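The structures considered in this document are given below.
What follows is a pair of complexes built around chain A, which joins chain B in one and chain C in the other.
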Partner chain A sequence: MAGVLTRRRKSIDRDEIPPDVIVHDDFRPSTAGWAARFGVLGSVAVLVLWLGPVVLLGGEEWFALSLAAIYAIVGLSLNVLIGYVGTISLGHQAFVGIGAFASAYVVTEMEQPFLVGVALAALIGAFQAMLLGGLALRVTGLYFALITLSYGLFAQDTLFGIQSVTGGGAGREAPLPTGPDNFAPYYFICLAFLAGVLFVDWRMMQTKAGRALLALRENPRVAATFGINVRAYTVLGFGVAGLFAGIGGALLAHLNGFVDSTEFSFQLALVFVLMTVVGGLRNRTGIIIGSAFFALLDLLIRKVPGLEHRLADLDVTIPVVLAVAGLVLAVLGGLGRHWIRAGIGVAIGLVGILILSPMTVPVIENQINEFPILVPETFALVVGPVLLLVTLVMYPGGIGQQIRPIQHWLSGHKFDIHVGGEADVQITDVRA
Partner chain B sequence: MTTLLETDSLSIRFGGVQAATDVSVKVGEWEIVGIIGPNGAGKTTTFNMITGFYKPNTGRVRYRGQDVTDLPVHKRTALGMGRTFQNVGLVKGATVRENLVTAQHLRAEYGAVSAMLGSPDAFETERALRLEADEILDVLGLGELAETRVAGLPYGQLKRVEVATVLATDPDLLLLDEPTSGMGPEEAHAFGDTLIELRRDFGLTILMIEHHVPLVVSVCDYVYCLNFGQILAEGLPNDVRNHPEVVRAYLGEDPDEIAQMEAG
Partner chain C sequence: MASGGVLAPIKTRLGDQYALVAGLAAALVVVVFLFAIGQREAIVLGVIAGASYGLLGLGLVLVYKSSGVFNFAQGEFGTVAVFVLYLTTTQGIPYVFAALIALVVAGLLGLLTERAVIRPLASAPRVTLLVATAGVALLCIGLEFWIGRPEPRQVAPALGRTDRVSVFGIFISDQRLLIFAAIAVIAAALAYFFSRTNLGLAVLAASQEPTATNLVGISVARISTLVWVMAAVLGGVAGVLTAPLFGFAPAFLTSTALVPAFTAAVIGGFTSLPGAFLGGVIVGIAQSVASSLDLFEDVPGPQTASLFVLLVLILLVRPQGLLGGK
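Right, the complex of A and B next:
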């Protein structure tokens, strides 16, 4: 319709556009290239479905692995709030807890099947989140964070203490649907739910709801001029987050076989936020890795010989944290080709490992501390903040930013180590 | 000629500041109307009342004869009002094409929730929307930038991308807030040609706030001059430019200076 116009405009613009900002990507992988990419994806699938749980862990760690899948669901739920809607939730243990109690109640009191319990938990989770979302339209930033914090504490102390629904201090049973202590099939049930959550998240971000959320997170005024109903989509975002959290809570309840209010402390909310931010906002794979890491910390501690007992000793915890933080920094620095950071990481890690080595700390086999200072959850809260600092200061995109080059390659592009370099996530992303 | 947009004595007060008083503008279909005035004259405030960001204390906004004063911003977009912002209204983290597709929000006619659950409608619509976005970009000569992140673009380009994005909302009335800021005189002049072509090709009506007076004179059919929240003068571009009140508002009270300007 406007041939002349098109030609003329182009001749004007060509001088203005700096050539380096124009993205040209005509690359198509060869057949071998595609084979390599599918090979990598297939290996990951084999690792998650069989090699890891059955061969490496000897089929004994289904409980921990199920927990990892559940944490991933919770991480994706929190990502919807922090990453897409752009509000922080410090009360996510309440989101998860409501799902857990709802499903336990539906299954034990109403004697409904497990799937009905999960479905109702998801709906109730979505509903309570939407109520909170309505509030987020009026209160934003730090004050909203404060509200979520108090909501979480209120839920833990008051809501979860309602005798008739939650069983009060005695808690409520939530039987494992696959039979007592039969965790192996439950792991695959959790994976199936994780796949469902991933699918919904993926479709959301590929369609108008996801774009609306990203636009209103950055600038609600601009979003409104695009014809986006800012209120409706904010509430929708909360609803989706609540839905995911409800599913995660229900799965968690039935994994533990039991729910009581003490499980849903603020510490848990903190771990959720840490794993999501460290995992990398708006990067599903990163969040799954981050969440699984925090869920499997306990397993890691048990699997490293002697570590479990030593962890009770603060003298040992500090070098462990140094070693882990150093290692992470070294790997991240190396991937991002920040050699100075990598060097600092190696140095910190070496200091940790040196202090930790059997030469300096003799292993006392029978030492069992009567008063353990650090239990695994607390350990997560020691490693977590260190990782959070590294993330916020150096790599705002977290693990997600580090794996961007690999994802980029897998999706059929040329391998480019610098893809994650322009940070997709800014520290200022959360308006708090 | 039918009237597309009409405001009826809009007034708004922020605390002790009367930001706009009795602003009545009228924009006919297919017209290009300019709003000029010194800084702080209430031009953007008027825009914000027209598009729904501010609710006027008194006065009404009518669009195609319909009273839209109480409608929220997104509903006005649905009626065909599109606007740009003084400081670039784009999603900076997204690419140019993603911005256009985001702006096509109202034309994605599938349900947001059913799309999340994998409705096949969404796949097809999305493909169509992307093609349409690329078409708009090509018309504005921005096709090469489709994959580029907005955050990396120079300012002049951003302004152009912003216009493309607003076009993606499928407007009948385009409200442009200082579209040529950050452009040199030549670029601004070329932009004037673009506006006239856009009016022709997309059947647009344009209301724009503009500081670049030669551009206003060359493209506008009618001009309003605001000062201290009130309409100081209105009429044909050349009449308004030479209106003594307007000259005084821009240049101050010094008669010698004005005489000098008129001589020069």
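Right, the complex of A and C next:
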């Protein structure tokens, strides 16, 4: 027990040099070294700005790419709550949705320009988040998670159903600022906002406010004894998260051209949590990669040659493999009198058989010619949670943990594959 | 319940008693008031709906009481069981055996969850475990969509007759009565388990002092397995009993009953098994009254709104719930 507890050392600031690489402190890259580093950074920029969207995707997928940038903004917003303030939000679809409806209302009803809509959406987003943050001062941990969950559903059903503001079930229009169906410039607008959000996040974490947030995340009581104003900084953290989410929501509204309440369901909130945790808390680059991955999953399946076809094959292969593997495990477990192992084997086998059964036996009506094909949406629903569970159980730092060595190298250090091990990461804190 | 009370100072125990009495008195006043303004049907409908929430809430309380985890996968344990029930009954297997198979599969799912997700994260923060159980729920939902497509289905009830009992002019189907009976039996059995059996005491010990429990020779890991299997079977019971009432679709329990069940458990104090049932009834009445009162006619989504208000109020005013110890 004690070994498990002490294994993960906590570092105070992710950006500080971990103690085990201080040996390399005198190291300065040569001119060629700097050239290589800037070369890599430059190629990433070229890939994102031109090569990817124009050449690789043929200039046809601006919508999906804009969505990826917006998801990244939402991921960074959620990161402020989970990663910095240390409270979980299961109702983030409310944060985003309020921004979306606010901007749509300002642009269509009040006939203000797009940028005013985004600005007001950000402010309203920050305001509602700060109200919720006030609640977080009284109710913490698991119970607060419950409140956010309930708040998300409340927003979806009640707030977004108010006829005069949101248009009720009919929804509200939100025109694309760059003209109808002209998504290419909009992608760059989204990127600009993402850059702005990144800058604010980065600056905030370099200042007193950022250090205060990290301290109170570790332990609010200890932070208070060091003179940190726990209330003010918690509410500030919520405000920043709401600000980012409001921007993301406004951009999302104008990307879709339309907002209605059914978009902002509980499952969207779970996807947000998923992509942030898989991306890696407190690692901005990791979160951007994770969010973009989930936003582009559909695109990935459509664009990679033969993948869609192969998934259709997997539709039969996976359950057969599961069934056989489960059976083997069950028999082995039974022979060795490991009854729990045998039970797990039976469970795995049953999952395989269950997936197979509607295909082999037409028990489910209306499925004469449409037995379950692993369609992209279902694929995302299955792959996403698996990634989340693998991340939580085996790689608590997510994608961010994997890319830490590269980040470390890019910032002018010697390449060290061991940077950012378990010492550097911790999912979240006990505040229950 | 049985555990905390003995060691708690007498003063707080008295305070808790007064709070409980005051709460029940307030509830009584509300009920009388609702009767006076002619909302009798709302009360009956609320109690009926609340029973399903309470049934799901029992499983949540069981897991929380014994491992301090909020189990977001509880609803999906039930939904998976319902899918199995559907697949087996449509294959012509008799209902009783089909239901048994469904519960066994739910139990195995609980076993798998505990082994693959909960145990590796045993020393992780509770909030991480919450996210992990939500991940399990999402995975189940994904598999259900894969197998079953997002279309509503019907599954046979255990008891078919619907016009046997009538209260205030509202017929209560036998299936509903079965849910009440199931709650009573399960809550009583669990209360007995936790207060009168060695295994139940071991479960409580493992949750309060895992290291010491290990040292006296009780395997905390096995206790954890046992608890998750029990919780999953309870979820299965909740699913199998409630699915025939409304029909089912992938994720139906999670989307309709999980948050009310959590609210019910919070109201009941999250460690009290009868409290989960009481909380379920309160949530049910609040929801049905909110949707039938003229006062809230213009509020969209009155059921969700009442749930949110109820949850925030109870957590601000009395975070330990009505029947929970400190």
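As a convention for this text, the second predicted complex is superposed on the first by the 326 of 432 C-alpha atoms of A that agree within 3 Å, B and C clash if a C-alpha of one lies under 4 Å from a C-alpha of the other, contacts with A are read in each partner's own complex, and residues count from 1 in each chain.
One rule holds for everything that comes next: contacts are C-beta pairs under 8 Å (C-beta built on N, C-alpha and C of every residue); 3 or more make two chains touch, one makes a residue touch a chain.
The model shown is predicted, which means the values in this text are computed figures rather than measured ones.
Engineer: As a test of reading the superposition: which chain, chain B or chain C, is in touch with more residues of chain A?
Structural biologist: C
Engineer: I'd like to know which partner A:299 touches here: chain B for first, chain C for second, both or neither.
Structural biologist: In the superposition, A:299 contacts neither chain B nor chain C.
Engineer: Considering only the touch criterion stated at the top, classify A:57 as touching first (chain B), second (chain C), both, or neither.
Structural biologist: Neither chain B nor chain C is touched by A:57.
Engineer: Which partner chains sit in contact with A:327 here, chain B, chain C, both or neither? Use first/second/both/neither.
Structural biologist: Neither partner.
Engineer: Touch test for A:116: chain B only (first), chain C only (second), both, or neither?
Structural biologist: neither
Engineer: Regarding the shared-chain residue A:274, is it in contact with chain B (first), chain C (second), both, or neither?
Structural biologist: A:274 contacts chain C only, not chain B.
Engineer: Is A:191 contacted by the first partner chain B, the second partner chain C, both or neither?
Structural biologist: After superposing on A, A:191 lies clear of both chain B and chain C.
Engineer: Applying the document's definition of touch, where does A:48 land relative to chain B and chain C: first, second, both, or neither?
Structural biologist: Neither partner.
Engineer: Figure out whether A:141 sits in contact with chain B (first) or chain C (second), or with both, or with neither.
Structural biologist: After superposition on chain A, A:141 lies in contact with chain C alone.
Engineer: Across the two complexes, find the residues of chain A that touch chain B and also touch chain C.
Structural biologist: 1, 5
Engineer: Under the touch definition given earlier, write down the residues of chain C that touch chain A in their complex.
Structural biologist: 68, 70, 83-84, 87, 90-91, 105, 108-109, 111-112, 115-117, 120-128, 130-132, 134-136, 138-139, 141-143, 145-149, 151, 210-211, 214, 225, 255, 259, 262-263, 266, 299-305, 307-308, 311-312, 315-316, 319
Engineer: Considering the complex alone, what residue numbers of chain B touch chain A?
Structural biologist: That would be residues 51-53, 72-74, 77-78, 82-83, 85, 89-95, 98, 101-103, 105-106, 108, 110, 112-113, 115-118, 122, 126, 138-145, 147-149, 152-154, 156-157, 160, 165-166, 169, 187, 190, 194, 197, 201 of chain B.
Engineer: Spell out the part of chain A that touches chain B in their complex, as residue ranges.
Structural biologist: Counting only chain A, the residues touching chain B are 1-2, 5-6, 8-10, 12-13, 16-18, 21-25, 199-200, 203-204, 206-209, 211-212, 214-215, 218-219, 221-222, 224-230, 233, 236, 240, 422, 424.
Engineer: Considering only the defined contacts, which chain A positions touch chain C in the complex?
Structural biologist: Residue list for chain A touching chain C: 1, 4-5, 88, 90, 135, 138-139, 141-143, 145-147, 149-151, 153-154, 156-158, 161-163, 168, 266-267, 270, 273-274, 277, 340, 343-344, 346-348, 350-351, 354-355, 357-358, 361, 363-364, 366-367, 372, 374, 377-378, 381-382, 384-386, 388-389, 392-394, 396, 427-432.
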